[in-house]
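First, the structure itself, so that you have it in front of you.
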Amino acid sequence: MARPIILFSQQWSDLPLEDLAQKAAEWGYQGLELACGGDHFEVQRARAEPGDGQEKRGLLARADLSLPVLSCHRVGQAVCDPIDGRHQELVPDYVWGDGEPAGVRQRAVEEIMAATQAAQELGASVISGFTGSPLWSYVAGYPGPSSAVIAEGFQNFARQWNPILDVCRDCGVKFAAEIHPGQIAFDLYTAEMALDALGGREEFGFTLDCSHFHWQGIDPVEFVRRFPDRIYHVHVKDAALTVNGRSSLLNSYFPHGDPRRGWDFRAPGRGGIDWESLIRALHEIGYQGPLSVEWKDSRMNREQGAEEACKFVKRLDFEPAGRSMPL
Amino acid sequence: MARPIILFSQQWSDLPLEDLAQKAAEWGYQGLELACGGDHFEVQRARAEPGDGQEKRGLLARADLSLPVLSCHRVGQAVCDPIDGRHQELVPDYVWGDGEPAGVRQRAVEEIMAATQAAQELGASVISGFTGSPLWSYVAGYPGPSSAVIAEGFQNFARQWNPILDVCRDCGVKFAAEIHPGQIAFDLYTAEMALDALGGREEFGFTLDCSHFHWQGIDPVEFVRRFPDRIYHVHVKDAALTVNGRSSLLNSYFPHGDPRRGWDFRAPGRGGIDWESLIRALHEIGYQGPLSVEWKDSRMNREQGAEEACKFVKRLDFEPAGRSMPL
Amino acid sequence: MARPIILFSQQWSDLPLEDLAQKAAEWGYQGLELACGGDHFEVQRARAEPGDGQEKRGLLARADLSLPVLSCHRVGQAVCDPIDGRHQELVPDYVWGDGEPAGVRQRAVEEIMAATQAAQELGASVISGFTGSPLWSYVAGYPGPSSAVIAEGFQNFARQWNPILDVCRDCGVKFAAEIHPGQIAFDLYTAEMALDALGGREEFGFTLDCSHFHWQGIDPVEFVRRFPDRIYHVHVKDAALTVNGRSSLLNSYFPHGDPRRGWDFRAPGRGGIDWESLIRALHEIGYQGPLSVEWKDSRMNREQGAEEACKFVKRLDFEPAGRSMPL
Amino acid sequence: MARPIILFSQQWSDLPLEDLAQKAAEWGYQGLELACGGDHFEVQRARAEPGDGQEKRGLLARADLSLPVLSCHRVGQAVCDPIDGRHQELVPDYVWGDGEPAGVRQRAVEEIMAATQAAQELGASVISGFTGSPLWSYVAGYPGPSSAVIAEGFQNFARQWNPILDVCRDCGVKFAAEIHPGQIAFDLYTAEMALDALGGREEFGFTLDCSHFHWQGIDPVEFVRRFPDRIYHVHVKDAALTVNGRSSLLNSYFPHGDPRRGWDFRAPGRGGIDWESLIRALHEIGYQGPLSVEWKDSRMNREQGAEEACKFVKRLDFEPAGRSMPL
Amino acid sequence: MARPIILFSQQWSDLPLEDLAQKAAEWGYQGLELACGGDHFEVQRARAEPGDGQEKRGLLARADLSLPVLSCHRVGQAVCDPIDGRHQELVPDYVWGDGEPAGVRQRAVEEIMAATQAAQELGASVISGFTGSPLWSYVAGYPGPSSAVIAEGFQNFARQWNPILDVCRDCGVKFAAEIHPGQIAFDLYTAEMALDALGGREEFGFTLDCSHFHWQGIDPVEFVRRFPDRIYHVHVKDAALTVNGRSSLLNSYFPHGDPRRGWDFRAPGRGGIDWESLIRALHEIGYQGPLSVEWKDSRMNREQGAEEACKFVKRLDFEPAGRSMPL
Amino acid sequence: MARPIILFSQQWSDLPLEDLAQKAAEWGYQGLELACGGDHFEVQRARAEPGDGQEKRGLLARADLSLPVLSCHRVGQAVCDPIDGRHQELVPDYVWGDGEPAGVRQRAVEEIMAATQAAQELGASVISGFTGSPLWSYVAGYPGPSSAVIAEGFQNFARQWNPILDVCRDCGVKFAAEIHPGQIAFDLYTAEMALDALGGREEFGFTLDCSHFHWQGIDPVEFVRRFPDRIYHVHVKDAALTVNGRSSLLNSYFPHGDPRRGWDFRAPGRGGIDWESLIRALHEIGYQGPLSVEWKDSRMNREQGAEEACKFVKRLDFEPAGRSMPL
């Protein structure tokens, strides 16, 4: 289909953007999902130096790459999380500041607002990202949260994100919250609850990444059908279940690639996701946005993998039927 | 087998202990796993009033019930958790005090020490309970904890629990930590890590409750075989997977009984656990302790259920083979 | 639970009603679902002889059996089917008459109206039955029907049944259409369509018989949750899949019991239906009606089977939880 | 293998045959299964205009396409179906005539006889097609047909088809009845019954299309082994089960592509059929005929799909082993 | 059903027969399958002491036990096996003699002939047993046997067994060869080959023991349908698959009960066999013989187990339908 | 990855080595696993004619093929098997000699010693092969072997193989015993036992061929993780389960390709093995040796198959990740 196949830059932040752009183009990609942070795209610098955005666009254009989506996953995590030491590594120094939680959260909000304006200037119509969650520590643990605690968590989420979404509305940019453990919305029903908490405002939709659904037992096709007009972005990442009686779906505390995990990410097409049914569901709802390869596979060489993934998605994304045919 | 079939009193704390004892005996139980907290058994009062323990023993003896295990699940949660509002409901007022976290944790430690001494006096050789966890908020979320954070979490756990285990050693009582989400050990590998953090000391072992293994994809038989000499207590509780494409194994934020959950507890024998294989594994390791029915099934009348459960466990716990037979 | 366990009389029409009543009571049943037709209950005679209904009630009362449901499955089939030779065996002679299709259909309508009035007199609050279907010959065949043909089929259904439902409304009796192949509604979506065709009128709901869902791949729990206020009656009948690479789910033209079938009915508890999940779904929606054993198992002695089935349903239908319990 | 890979023209009847031939050749096909009806090949005109067949052969030859099979699926449906409005769209006007059932059936018979003679002239050795069925409305419905009704149905089938098969015999052409719902033979056992009804005459065999077996639970390998010398033609079409607890295998009344269906057709290799086992079974019986792609996938662009399908079948149809090799 | 439920005495040979008889009766059994060898029934002594058989019959009759089947499994193993050290433990001393293979085989033949005559005198109409196999060492190993070796193996089998079957014919006793690994017939196809090798003579049929089919992947229902008139005896023994990624279905060299095995025997109803389908298949073919519990479960107390097994089989063996019932 | 993809020559022994080398190179292979025996490489001649090895190396070098592994599967079978007629076909005439078992075994030992020296000269660092087994006839049969018999079997194995392994040590060549039915080690636990019997000496490791694990129910990933430093060689061969209720996993006595078998070999990628998980496990342990295609598929043309297999393995063997990447 005419959907652009793009590469998410987060996993390549160790390469200069120019090098990445050249490689991505050679591998067959048509654009990037550019991750804020680090050298690739520093929001504050972009705000300070008016030509910076233009320069990035030029750099990508020279490699014949589009820039339909800007990612602010990392800083988004700080918007409504309880802040602890882990967040220092996720956000720029000027967002972390003295690390006092309320201040970090506030500066994270401002950073995403700035990123939204940058997206507008860069011509990206979607910001993808994490939201953080005031409730995550309660999930699956003991004791469960009371309904009052849950309600307060969603109000907190709405308080933090509504001002950002106002900026999105003003900039004509949509926010695509990734459905992901650790975020306010991590499954179908929490996605419903998040949307409700925001009064269903149109600036807010979802980034669909099936790899996070797989081990939770959720069918991404059901998700697509439940939110046909809220799929604002799609990540292509595979996952494999590796439960063997001893490993747990919660993965103990093991990093990716550890054989004692109960599931792990895999290069697209090398895991257990039913891509054929997913692409048909995306055809069904008329999704027109990009398919963004988030390349994570701890056992495979990433350059070989990224090239293979681009080819995989091209084969996958067949041309939908235009009209009825004779039976 | 000769293993006593007992009833965990936690789910019956709204009944006077005398009434519960009478009912349990009528339903066929041979003993109780008595939960500390509330009227059934208040540790502080037991310490203050020397005759209290004796009185409980007498009360149970009149109903022909033994008391092999004392439970301190609730207060145990506060030993190494980050303390928040939920803990106020879990612990006695005198443990909560002013709610200042370090103080709560310290008083929780002392409460379990006192419970251990009470167990000795009551003739219970095992304390079952939760441990809490400084790491739970990192499980399955984003970003994952660094290995340094994990190491520090287990050291924290050991610092908090070693003094308690010293008391256990002195009292001749074993602590059976329940493998349970929200605790330092929630699966096979974290059980290994917890044991290692304590230098493998003998006072520390596990309460096996298969219902927490089921949705994580762990085979309880593998667990039993991995820790043949550390199964200090067994809960009998069933669970059923109810994933249907929309529900998640993480259960959104829904309470038990909500049809949108991806798994739920069930009365023993009415869920998906392979009890036949479990009882054979317990025979294999020579487990001699009680089988304790923790009755939780949000759809079923608990009295009918508790009686049925006792019969179920009696049928389940067949007599093991004494010696080889002719082939 | 307090739901009455009753026996559907259709499969026992070769026995005098008095004998059946005595046997049913001995087997433990608390009532009958009385099938119209034959000696058990002939609608026309009941209309003609005012005392007949009273006599039936007395006969059942003497055996301590209630009569909550009257069945008019057979004559219902003729209401909107294309009439052919098979219907002659299904309906009383006075309904068949000369066999001219329009007349048969009209007299079938009148027969059910009369049965409804009889139900009222007998104290039965529900009529269970088939509806027939003008569309069945199109299901799964070639070529499929156009949407116009389908629309016309449902209008035809509504035209035939609305006058009957008017009588139901007047008599305070509900009609419970069995979801069943060969009827206008044979699955979840056709049940939706049937309800829509009738404007959702309250007199019309469903008889749930899981054995017809099983081989179609439908989960009865989904059905119960989709129509929580339209389950007016429940049949208890089991089914087993017997596909072996050669048999088909469509069963060729083989009668029950033929080993070349791909599925067959089984006595309750001896097939593949997940009764545990079903009864929980019925608890969930607060279904209060009877559980009616429709005993069909071509390999098993029906008397032994009917007694066993009654015991099975008693064990199955556990007491639901009255209120929350301590956790 | 040397089996020709051909394209069934039915789904392309909106294109001029010349255009289709050119495209098919470009996509890699080696021949066509030409469907009677419409512009592609009108039987009556072919009979009337002696050069017509020659012209078609020439047209295909110029595109380097063979013509091993002629299809008369649509008109075949009318041979022993009860005729209703749907058949008007299936058959040429001159077969429909005044629509009086007996006449339509008779003219359908004559049309297939004529098609058989045309096949001979075109050099096609096989006619593929539907048979219709006097029994379909009884399949899976209520009440089931008596054995007498079934016997009469098969006699009816034989009466209608024997004269056609006589013409086949005279022309040296075989009739390959597609095993398909809505036909007299729709599974393994009904295929046996159909063959028996015809006395096993050699002119009659089967078109194997696994997509119709898949949702019925039949293993096509068992079918191939049961009728090793009666597989006269093979369609390549895939299917996927999409049951999700709500959808039914009977598909309500939904058209292809509707997400509420319990199964649907898919492009070859994109569904659930075990093609590897099928091709091995075809090697096993020594099937030498064509592999005919019947391209149906309501979500996919048919031109991209047809090209992909040809490549898929080429990879699939590996060269069988010629002789034993050293072990 | 009226089928007698009996207990196979082999696993109880350490008990005096009188004690076993008393226990078996108390547990609810209606008869024994008496194993030749040891004190229970020594064939040679029975031949030498004419009253011995009469005495056994009396002993069993006093316990109200029938004796429908005599077992000569152990000595049967020596009839066409290559003899090695293992056989010395299987056969009586007088059969083993000097252990020279040809002599052992010959004396094993004579022992079974004598046992057949003893069966006649005891009123047992069936001898159950093993056959041994000249081919077993070739099964699943490397290199496979040539077809000539296989043919010679079956001829050898026929040469050894035909004289025994002549005696069976003369005595009116049938031989029921147990389908079992290590025997000439261990699955469906080898059962066909064995029957062919004997020219299908009626004295030879099978003992069906599903526990040996389970791990081979064979469906016992298919076996029953393949040999409807050759099921001469049925053992009731369950089995469970315990493959976990490390264990093998071939079980290394581990004895029963070792947790490293990939399958093991289980008490009836505690393993994975589909008894419901089996009993229906036995109804289907009209099997009238006994159901003989061969009690083997290395983890369970055999006395508790044998009593439970008898109850299990009674519930299982429901009364078959006598005639059609109204639909 | 840089692992060489090679072809096992055993299945091509009917071709002159020069022809095979040319074909293998054309198909894309980078080397051969050369099977001793026949024209390809006769050990005795190589010993007798000093230039023979050099000539083979030259011949392969001209086709740009390496020779990392020499195979002595066939003669290995005779080292500790009970010798019977089948072995005559497996070994060279000079090893068979007069066929007296002890002599055959001794000459087989000497042949492998000579092959080891030849391997050293040829530059092959690994000898792959079978071991034979004194215990195979006891596997899965009746009665099982006593533990004494098993112990003696492994001692016998060690006695026969230790002298060979001494030569391996002296030559710097490793012996890679194929885990295979019929050998001393046929699964994970017997591999442990074999290693133990040899005192874990380093010259002895394993050839992993997943096709033999598949039908035994063993997960090759578990095997790789259990023996991370003993995987000395890897065969690439696929297998498919074809159980259908009638076929057995033990395969009766049917040759490959017979449709009555319960499993069979397949060309790589056309069976049921999870190659993706296997290659990741090999990456995990850092296996650097060759991937050797043992091409066996009784239904497929071997030349087409061998070329396809080489491509399959190239795609499979992706480049492993060199270092951590940004998350």
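First chain written, first letter: the chains are A, B, C, D, E and F, and each begins at residue 1.
The definition used in the following text is that a residue touches a chain if its C-beta (ideal position, glycine included) is under 8 Å from a C-beta of that chain, and two chains touch if they have at least 3 such contacts.
Worth saying up front: this structure is predicted, and the values here are computed from it rather than measured.
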For chain A and chain E, chains touching each: B, F
Longest centre-to-centre distance from chain D, chain (CA-based): B
Distance-maximising chain from chain C - centres being C-alpha averages: F
Equivalent interface positions on chain A and chain D, same or different at half: different
Between chain E and chain B, distance of the C-alpha-averaged centres to the nearest whole Å: 47
Separation of chain B from chain F, taking each centre as the mean of its C-alpha atoms, in whole Å: 51
For chain B paired with chain D, centre-to-centre distance based on mean C-alpha positions, whole Å: 64
Multi-partner residues of chain C (at least 2 other chains): 143, 219, 222, 244-245, 327
Pairwise chain contacts, counting only pairs that touch as defined: A-B, A-D, A-E, A-F, B-C, B-D, B-E, C-D, C-E, C-F, D-F, E-F
Complex contacts: residues of chain E adjacent to chain C: 219, 222, 225, 276-277, 280-281, 283-284, 318-322, 325-327
Parts of chain B lying in touch with chain D, wherever the complex brings them together: 244-245
Residue numbers on chain C that touch chain E, as the complex places them: 10-14, 240, 242, 244, 257, 259, 266-267, 270, 296-305, 308
Partner chain C, residues of chain D touching it in the complex: 77, 82, 85-86, 89-90, 130, 135-147, 149-150, 180-183, 186-190, 193, 215-219, 221-222, 226, 241, 243, 245-255, 260, 262
